[in-house]
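Shared between the two complexes below is chain A, which pairs with chain B and chain C, respectively.
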Partner chain A sequence: MSEKEVKNLEAIFETRIARDEKIEPKDWMPEKYRQTHIRQISQHAHSEVVGMLPEGNWITRAPSLRRKVALLAKVQDEGGHGLYLYSAAETLGISREEMYEQLHTGKAKYSSIFNYPAITWADIGAIGWLVDGAAIINQVALCNTSFGPYARAMVRICKEESFHQRQGYEILLTLCNGTPEQKAMAQDALNRWWWPSLMMFGPRDAESPHTEQSMKWKLKRKTNDELRQQFIDQTVPQAEILGITIPDPDLKWNDTLKKYDFGEIDWDEFWQVVKGHGPCNKERMNARVSAWENGAWVRDAAMAYAEKQEKKKVAKAS
Partner chain B sequence: MKKNWPLWEVFVRSKNGLEHRHFGSLHATDAEMALENARDVYTRRNEGVSIWVVESKHITASNPQDNGELFEPAQDKIYRHPTFYELPDELKHM
Partner chain C sequence: MKDKNLYNYILGIADNSLILGQRLGELCGHGPNLETDIALTNISLDLFGQTRSYYQYAAKIAGNDKTEDDVAFLRIEREYRNVLLVEQPNTHFGYVIARQFLFDTFHLLLMEKLQNSGDEHLAAIAKKGIKEVSYHHRFSGDWIKRLGDGTDESHEKIQEAIDGLWRYTDELFHVTEDDALVIEAGIGVNVSQLKEEYYKQVSEILTEATLTVPENKYFAKGGKEGVHTEQMGYILAELQYMQRTYPNMNW
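After this line comes the complex of A and B, so read on.
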């Protein structure tokens, strides 16, 4: 294809996006659109899968059967969400194995929040309330994104996520209505998860290199800072109902702007964790890599069995 | 790994009386495993009463580049629609 032809196709493509038309896998798309989507969708999928690890750790230690079935169902959902997203990325021409390879070698990132440890039961509450809460805000904004398979996966995920946040909040509500020690445990979890949750929205708009292009392609509908503000504004009253304090002395209602002002995020910490120096980066990757490697013989055996059955069927028919 | 698991497309009938609709895809070694995985992945909240799975390689899809010749001819055949025909207002039940 000549450069002029590509330019022409690009112009048609941009018009389609501007008209809010959806792009489907076999449609022509600029190579950069394809690559950006592969990167974002696969990293989103990796986040779902790695996100199972901090919580899976608590399934056997959940304090009641009610909590245990709920947590099991939540972790199972996250596995499913990973699968919807991997499938959406696969429609763009990357294989599942390539994506795993990118995760395992560190070429692909996942959400940094999962590099923090879940050390008490209250952390499971805080993860549901804050981490899933932040994820929902990001994901609702994506339900209307331009790439059809990604948008469809997001719609299904958003429908399933709201139970995740509610189960987390209920855990904290129970602790906050319990003994002083239980309430202190809830406060401690909020202290540790608040700032990393704000970091989930990514760098400030001024430092976010992909924002402008992503907004143009409707891969993003709102900027990082807008989404972060929305999260803070809706979460502060929820903390008040729990009766615990958000660990930010600068947090206060701005009556002129009708939103909360908040303190400075520790961006050094953010970049340290992104670069692999968070508390659990190594542990998470070791868990993923060993699950993949130790499961290889099972995958091979299942494939060999299926091929043997198929041969038997063919032999019988002939 | 010796060989990657093939890709399957999943279609779910959400209730009797409705058609099967494409829900998504997954990897499985054979049809039976594809059905079992589809049940776990796509019907955890009563989304369906029946599942079809078909290996993706068996689906032949039209190409968007051919959309012009495939679908545009229908656009100027407005006489295929009932509103094309001019009939008096007093005519009923038609």
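After this line comes the complex of A and C, so read on.
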């Protein structure tokens, strides 16, 4: 293809996106679009799957049967999200094995939030309320993103995420209406999860290199800072209802700007965790890698068995 | 308690679902691939759902405002009546599948009979459970075949697991004194009568999977009377952790 032809295709492609048309896997797309989408979708899929670990940790210890069942179902949903997203990425020409390989070797990232430990039952509430809550804000915009399979996966996922968020909030509400011990557990969880949740929106706009291109492709509708602000404005009143305090002395309503002012995020901590030195980076990766390695003989067996069955079928037919 | 025998009889069924659900819950997020992970979690969810129906009924029989959670979490080890099979650990995927298959085959036979129980509550729970349990049975039976007739390594591993768990199968068919009274009343299922059919079905699938049916005739027992393996204490330590650490609270 000549350079001119490519330019032409690119122009058509950009107009389609501008017209809000969906790009489907078989359509022509610029290589950069493909690579960016593989990166973002697989990273999102990895986040869902690694995200199963901190909460999965509490399944055996959930305090009531009702909570145990709800938590199991939630963690299972996250696995389902991983599955849709891996499938969406596969339509762009990467295999699931390759994506796992990238995760296991550290080449692909996943949301840093899952490198924090879930150490009390209240953390399960805080994760649902804050982490799923932040995820929704990030993801609602993606329901209209330009790549069809990703947009459709997001519609399904967002519905379930808002259910998770309510469930998490309800766990905390029960604790906050409970004994002083329970309320303290909720406060402690908020203290530990608040700042990492704000970090989920990524670096400040000034330090976020992909934003402009992502906006054009509708991988983003708002900037990191705008989304973070939206999250804070929506979450503060919810904390007030719970009667627990957000651990930020600088947090206060700005009546002129009609939004909350808030304190400085510890960006050193953010980069430390991103670079692999958070409290649980090693543990999360070990868990994923050993699940994969210990499962190799099982996957091999399933493949060998399927091949044998196929041969038998062919032998029968001939 | 006015109906101690029936209460114990229900626990004898429900505790199996609780403890097996708990074992499967340990695996969530650690499966050999996502699809299997999700399927095993599904089975765990079904089992906990059944557990809750049984315990809600048992709590009503016990009276004194007892709840399903009191029944689930606040007993001492000797009061849990699950069979030893379901408390065995997730040593590797072969053990998970073997344990599941050896239990599911029994569970399905039990549910088929229990749906005709003279107790309408139990009959209704069984009727609802049958669909779920036949799915579990199909899932574990299919995996027995895949692993048995897959690679040399998988064949060896699943055979090892079947051999290792075989000694826990006989207990499934024991009838305790409490059970006998409930059976006599036309409510309970006489599990000793399921034994022949069970071994026939299990042998068929193992053979189809190119596996050897173990000849071991030495069996372990005790779970139904509350005498468990050393595994059980650890399971309960996790299961009961919150309820024991923070007694009398709502969650």
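Observations
Simple rule for what comes next: the second predicted complex is superposed on the first by the 318 of 318 C-alpha atoms of A that agree within 3 Å, B and C clash if a C-alpha of one lies under 4 Å from a C-alpha of the other, contacts with A are read in each partner's own complex, and residues count from 1 in each chain.
Keep this in mind: contacts are C-beta pairs under 8 Å (C-beta built on N, C-alpha and C of every residue); 3 or more make two chains touch, one makes a residue touch a chain.
What you see is a predicted model; the values in this text were computed from it and never measured.
By the document's definition of touching, both partners, chain B and chain C, reach A:L83.
In the superposition on chain A, contact of A:I265 is made with neither chain B nor chain C.
After overlaying the two complexes on the shared chain, residue contacts for A:R299 are found with chain B and with chain C alike. Judged by the touch definition given at the top, the superposed model places A:T179 against chain C, while chain B stays out of reach. Judged by the touch definition given at the top, the superposed model places A:E24 against chain B, while chain C stays out of reach.
Using the contact criterion defined above for the overlaid structures, shared-chain residue A:L251 touches neither chain B nor chain C, since it reaches no partner.
Measured by the number of chain A residues touched, the leading partner among chain B and chain C is C. Shared interface residues of chain A, touching chain B in one complex and chain C in the other, are 73, 76, 80, 83, 296, 299-300, 302-305. Taken together, the chain A residues at the contact with chain B in this complex read 24, 26-28, 73, 76-77, 80, 83-84, 87, 90, 95-97, 152-153, 156, 160, 296, 299-300, 302-306, 309-310. Of all the residues in chain A, the ones that touch chain C in their complex are 49, 52-53, 56, 59-69, 72-73, 75-76, 79-80, 82-83, 86, 121, 171, 174-175, 177-179, 181-182, 287, 290-291, 294-305, 308. On the chain C side of its complex with chain A, the touching residues are 22, 25-26, 28-38, 41-42, 44-45, 48-49, 51-52, 55, 68-69, 72-73, 92-93, 145-147, 149-151, 153-154, 157, 238-239, 241-243, 246, 249-251.
On chain B, the positions that touch chain A within their shared complex are 1-5, 7, 24-27, 29-30, 33, 40-41, 44-45, 61, 63-65.
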